[in-house]
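Two complexes follow with subunit A in common, the first pairing it with subunit B and the second with subunit C.
Presenting the complex of A and B:
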């Protein structure tokens, strides 16, 4: 399967900005093993580009969620509760990770102490 | 006793240096792990040659960048990596920490100690891959690097900053020549105004027992204090074997930048090419002749171009390279040998037939060459070696001819006899490099006919006893000849008298 066709299949797999289960199943049924592998890989990549994961140790209020989604126009915001962060947030978009939390600050301090000569 | 306030102040000052800004990371995921090569997704901003770190602490280097995936060669795999494991960028190109502490140590290509001693923490980070110094920073090769091997110093001289290939079949003494050259640098310490040459021995894809033998020999000969061993044995992954010579170059460049002279022995580049071929095949790069990838020439040319003699404005340091290539059945026209021959400034060709008839080092003077030539010789040795080369060439052409004719004229017979003695005098036992003065003494004696009446089987004894005699009866002459200056008429007459006096007392076996 060529790249152009693959791109088109990924595009039609979305309905109203969401991945449509029915369409994906329909496409998957008709693909061979190798093509299916490529299709799944492309879907995963597309998902990574559409979603922004925001991790926080607390439940985020609707107001905060709205503020966040305004910061990432055109992207779908997914919130994840992560107690290990202690304070602050962690934002994951595609292969970029932004750490703005207490856990990370403590990790940085520990790393500096460990590497102290 | 330290005041608690001081401790708090120190801590505060250190904490203030720690960045509290939001940390940004670029991460990826393991998609596939096969034969020491990891295929990863993500890492969209990673650069070629950058070091990356895996979740389990393993490290790797980015080797291939495509639109969809990144290929990483693993350096030190700690435990099993599995699909989905996170990979972090380090934003650092592959480098090795180098300092004077490395002298007398055995390390792997990323600087981890292999000798059980502590890790080298402090040091300048030197990149493994670096573009070689440009033409304007260089100066011509005109200072000799003495190997202590008569045949090489007289006929195939090596200069500081030169790249001289040692090529031959297995078991002919290629490593021995390189080790002798390293040992000889200790001997040169004793001579006045001589700067210590720092030596680096790179073992690529060798048996660990062989590497340990080399280290033992260097230690026994007190040559380990100024030597660094970079080891990537046959048991190490291909990635480490591929990186080893570049690590040695990086270490050499550190010392060169400080104005030091460095000698690097790459033992051997055939196995280095094999390691690179293995990596390339796993990475599915297109294979060419003998399944080597298309850039196999560049692999060695970019490495050996880093051997250089810098001019005074750039510190005046140098890196001399002695790459070793192993041939199969004396075939120097194979792919890798021809590549490296064309890159280097000459080659020392060791031949099995010569080795089998007892000529050791088994150097073939006809096929061996130094493209730097006399420029890398002192005036003293240059004045005696020219005649030797000519006589050997005449002997070789006559020897072939003499096999067919039974009656030869006196002049031809004399040339043949002289040739036999010249070959005999160039024989030298392993690990016994000679000083320049003793080399001159031997070569001068044979080329001036003082050995013509000595039976061939007594030549080596004659030489040894002559050296002992000169070192006790003509100490001043030995010291003067070591300086490398042109042999004055006065010294020439002393030399003549010394050899004549010795010859009077020399008794042949019959």
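Presenting the complex of A and C:
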């Protein structure tokens, strides 16, 4: 399967900006083992590019969600509650991870102590 | 002559006796004295030779004894020298061996100290890490519920600000 066709398949897998399970199932049924592998990989990449995952120990207010959405125009914001962060947030977009939380700060302190000679 | 006659001297008898005596002397000289004298001479020569040989032997013995004494003396001196040298060598070897042993012990001690220092360092490092991990774990447990929505919003706004700046750059 060439890249162009793969890209088209990924594009038609989305309906109203969301991944449509029915379409994906139909496409998956018709693909061979290797093509299916490539298709899933491409879908994962597309999801990574479309979605921004925001982890937070508290529920995010609509105002904050809007502000976040404004920071990532055209991307879908997905919030995840993560109590282990203690305070602050962790934003994952594509392969970038933005950490601004207490848990990470503490982890960095421990890491620095471990690496300190 | 009268005196001779008074003593019963008779010239004929005297002459006959002289002849007899000369005959006996001749016979004796011929058959007894000569061989006896020869034998005696031989005996004397032998004894003289024996004495001479004995003297030579004594002389040789004396020389041998002197030589023996000298050899023994030399041998004793050599032995003394050898013993002294051996003693010196032994002392030297002992000294060297002692120094080498001391050096080895020093090296071993240094290595042991280094090893102990290294292992202590590792142990201290582990302890530091574990303590910091424990401290963080303790903090994590203690801080649960310590912060509220208000602090979270402040931090979120700060995060949004940073993200916006980052995306603009």
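Throughout what follows, the second predicted complex is superposed on the first by the 117 of 117 C-alpha atoms of A that agree within 3 Å, B and C clash if a C-alpha of one lies under 4 Å from a C-alpha of the other, contacts with A are read in each partner's own complex, and residues count from 1 in each chain.
By definition in this document, a residue touches a chain if its C-beta (ideal position, glycine included) is under 8 Å from a C-beta of that chain, and two chains touch if they have at least 3 such contacts.
If you're wondering where the values come from, they're calculated on a predicted model, not measured in any experiment.
Chemist: Based on the shared subunit A superposition, would you classify subunit B and subunit C as clashing or fitting together?
Modeler: fit
Chemist: Check the contacts made with subunit A and report whether subunit B or subunit C touches more of its residues.
Modeler: Ranking subunit B and subunit C by residues of subunit A touched puts C first.
Chemist: Touching A:45 in the superposition: subunit B (first), subunit C (second), both, neither?
Modeler: First partner only, subunit B.
Chemist: With both complexes overlaid on chain A, does A:98 touch subunit B (first), subunit C (second), both or neither?
Modeler: both
Chemist: Per the contact definition in the header, classify A:106: touching subunit B only (first), subunit C only (second), both, or neither.
Modeler: The answer is second: A:106 touches subunit C but not subunit B.
Chemist: So after superposition, what is the minimum Cα distance from subunit B to subunit C, given in Å?
Modeler: In this superposition, no C-alpha atom of subunit B lies closer than 5 Å to one of subunit C.
Chemist: Identify the residues of subunit A that lie in both the subunit B contact region and the subunit C contact region.
Modeler: 98, 100, 109, 116
Chemist: Going by the contact rule at the top, pick out the subunit A residues touching subunit B in the complex.
Modeler: 41, 44-45, 48, 94-100, 104-105, 108-109, 112, 116-117
Chemist: Under the touch definition given earlier, write down the residues of subunit C that touch subunit A in their complex.
Modeler: Against subunit A, the touching part of subunit C is residues 125, 128-129, 132-133, 136, 139-140, 143-144, 147, 149, 151-153, 155-160, 162-164, 166-167.
Chemist: Can you list the subunit A residues touching subunit C in their complex?
Modeler: It comes out as residues 56-58, 60-61, 64, 67-68, 70-72, 83-84, 86-89, 91, 98, 100-103, 106-107, 109-110, 113-114, 116.
Chemist: Report the residues of subunit B in contact with subunit A in the complex, numbered from low to high.
Modeler: Going by the criterion above, the answer is residues 14-15, 18-20, 22-28, 41-45, 68, 121-122.
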